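What follows is a set of structures to go through.
After this come two complexes, each holding subunit A, first together with subunit B and then together with subunit C.
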Partner chain A sequence: MGFISRGFHGRPRDEGVKLPPGQYLVHDFPVLSAGPTPRVPLDRWEFAIDTEDGRTHRWSWRELMALPSETPTVDLHCVTKWSKLGTAWKGVSLDTLFADVESSAEYALVYSYGGYTTNLPVEDLLDGKAWIVYEFDGEELAAAHGGPARLLVPHLYLWKSAKWVQGIRLLNEDWPGFWETAGYHNYGDPWREQRYQGD
Partner chain B sequence: MNGRRLVWRIARLVEIRDETPSARTLVFQIPDWPGHLAGQHVDIRLTAEDGYSTQRSYSIAAPADGERVELTIQRVPDGEVSPYLSEELAVGDEVEIRGPVGGWFVWRPDGTAPVLLVAGGSGIVPLMAMIRARRQAGSRTPFRLVYSLREPGERYYAGELRRPDPGLDVTYLYTRVVPDGWARPPGRLTVADLNTGGWPADFTPACYVCGPTGFVETAADILLAMGHDARAIKTERFGPTGG
Partner chain C sequence: MTEPAQDSYQDGNALAGPLREIFAVDVTAAGGQCVHCGLTGPVASLRVYGHAPGLVARCPGCDEVVLRLVRGPESAWLDLRGTVSLRIPLPAQGVPDGSEAGPA
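And then the complex of A and B:
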């Protein structure tokens, strides 16, 4: 490449921290969403997994809370360039939610209260890689950050971690979600800097 | 969606216009720029001599105009990138830019629904691109802009927004300091402001809200409470604080 910006020095580098290409470190928690923040009352909240042959598995809020929880501490990478390290969450592993789901589908379309969608391969949801989380930093998850519950898939750019998650539809073919249709990368691996289509 | 790859291009700064003491408009010339829609943004990449590089997003301030791309950069104290762009970069200097990015927060001149633009601070930038695109296209779509700022000296594009533009109404709100004789006391955006300066929900306007996260959250919540359809409210959060 070899391009240099005249007179640009940047912040002192913290050699101990390795970030994905093009990312910078923040200590606050920025918000990115395409519209207003939906508010979902817990007594009407429901999470569903819909299989490719039309069966639906459902959990009420109370049922979700009754499931074994985990407390992952993970790094977040947002496509708008910020990264936040060591964030502490509490929620239910998708392995737990998928335990009784019979499916051979390869693709998932995650949908949210408010209409947001995002797609990813089913295998990226399993084997300890993804959670439905409802607490951040020991507090209930704020609506602006996706509460009452959001998906957390920290190995992909944060737009894949759908806020206000309502369900996951399992599909035999890949359906692009909201940002994926608007020109963002279909998979979104921050370490390969897959921000936009064609990256 | 068109599957076009977003490549990094070398952009040369060709013009600088001061907007306020802490913000300036930069006009870049970018060879083979593919064009863009009002509301989209670009990514800028800066690279230091030791190879360290960092990227930030900036909204485009004007509609497509060949190879010219205009941005307005607010200096954020202690920021890594914005002080460099808003103070150091000189005409003739080059940066790397790629884009356009974002196919959602856009206004197209064939849109017929009335438009409400709600800007907080530098959130005016992509909304100004929409205002300019409307004017350039000779569109008669009625526009209303509600522009919230700390004080009158922070207005961007002040001269241009003062000039009559039939079908565009502009309302300024000041949160800290108001001009002499100004009726509205200083304060944050309220329902009353959007009632007066916006459109009734039954006109089904397209709403665009842009600014710092906290401002966008408040404005979008007020619009929902006024009965606007959530799907008609598009937001862009410049972040990162608040929320």
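And then the complex of A and C:
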């Protein structure tokens, strides 16, 4: 058993990996949290999409599980500068959840059990760019990583991939979320290094 | 994946260093009131979640956010919207301490 982490010296397969500016590679999965971990029993879990004209589409856990699933493998980039490559998830595409939602709203405010919020344009949730995921690495998603289900929108910094996701509110006006009202960038593209307001 | 046995936070004294950069006084000694539940207590009694993109200080009574502090490379953002007010202890005003010249 080796006690020296190979991570200190990098692995051969890390060479040639292109990361967004200012990021470094990790092989563990750091847990970031801005509050107590919510524990939501599956029989009371619910996901909702609230439209700009007041209609709500709801899914119970059982209904979510009955929808067609996808297994995206994606790279994660956290604004605290770590990146984790090739993470394997299972979940439902937002395209599937939005299929019967009539809306012309341009903005989305994602809200979570526990009170967290984050905002992004609706178009960043569609066309195969975002999922509600409930498995990581072949196992049910642990509460520490946002289980039972979290948003996964990997082309933006990871704070946009809201843990413990509860719903998405569609809005005609942009409504900045938890970190977006405290100095972080409104959009958060890691490849343009949009960490803070004004970046 | 293993889960931590309990949520990981520090007490409000963890705010002393980061807030000293902004304020001339030690704000952790200030008394504050939570907007959400009305609980009063020193800033040092808050629960500070720091494994995050910023420091998030929550009320020990109701877990709601009382204070947030984000430190960017060139700016800090301080959000006190969860605080009714802060009572900051200061040296008594107008008491001559002998170091300044008296009235002419």
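Please note the rule applied: the second predicted complex is superposed on the first by the 184 of 199 C-alpha atoms of A that agree within 3 Å, B and C clash if a C-alpha of one lies under 4 Å from a C-alpha of the other, contacts with A are read in each partner's own complex, and residues count from 1 in each chain.
Methods note: contacts are C-beta pairs under 8 Å (C-beta built on N, C-alpha and C of every residue); 3 or more make two chains touch, one makes a residue touch a chain.
Bear in mind that the values here come from a model prediction, so they are computed numbers and not experimental data.
Undergrad: Determine, for the superposed model, which of the two partners subunit B and subunit C contacts more residues of subunit A.
TA: B
Undergrad: Classify the contacts of A:E139 with the two partner chains as first (subunit B alone), second (subunit C alone), both, or neither.
TA: Second partner only.
Undergrad: Please work out whether A:K81 is in contact with subunit B alone, subunit C alone, both, or neither, and reply first, second, both or neither.
TA: first
Undergrad: Contact-wise, after the overlay, does A:W159 reach subunit B, subunit C, both or neither (first, second, both, neither)?
TA: Only subunit C; A:W159 stays clear of subunit B.
Undergrad: Contacts for A:H57 in the overlay, against subunit B (first) and subunit C (second): which applies, first, second, both or neither?
TA: Neither subunit B nor subunit C is touched by A:H57.
Undergrad: Of the partners subunit B and subunit C, which touch A:G22 in the superposed model: first, second, both, neither?
TA: In the superposition, A:G22 contacts subunit B only.
Undergrad: Between subunit B and subunit C, whom does A:P36 touch in the aligned arrangement: first, second, both, or neither?
TA: both
Undergrad: Regarding the shared-chain residue A:A182, is it in contact with subunit B (first), subunit C (second), both, or neither?
TA: In the superposition, A:A182 contacts both subunit B and subunit C.
Undergrad: Which residues form the common part of the subunit A surface touched by subunit B and by subunit C?
TA: 29-37, 80, 115, 142, 144-145, 179, 181-183, 195-196
Undergrad: Of all residues in subunit C, which touch subunit A in the complex?
TA: Those in contact with subunit A are residues 1-4, 7-8, 49, 51-54, 56, 58, 63-65, 68, 70, 72-73, 75-77, 79.
Undergrad: Going by the contact rule set out above, which residues of subunit A touch subunit C in the complex?
TA: 29-37, 79-80, 115, 136-137, 139, 142-145, 159, 179, 181-184, 195-196
Undergrad: Spell out the part of subunit A that touches subunit B in their complex, as residue ranges.
TA: 1, 3-11, 13, 22, 24, 26, 28-38, 80-82, 114-115, 142, 144-145, 176, 178-179, 181-183, 195-199
Undergrad: Which stretch or stretches of subunit B touch subunit A in the complex?
TA: 1, 3-6, 10, 43, 45-49, 52-57, 80, 84, 88, 93-96, 101-105, 213, 217, 220-221, 223-224, 230-231, 233-235, 237, 239-243
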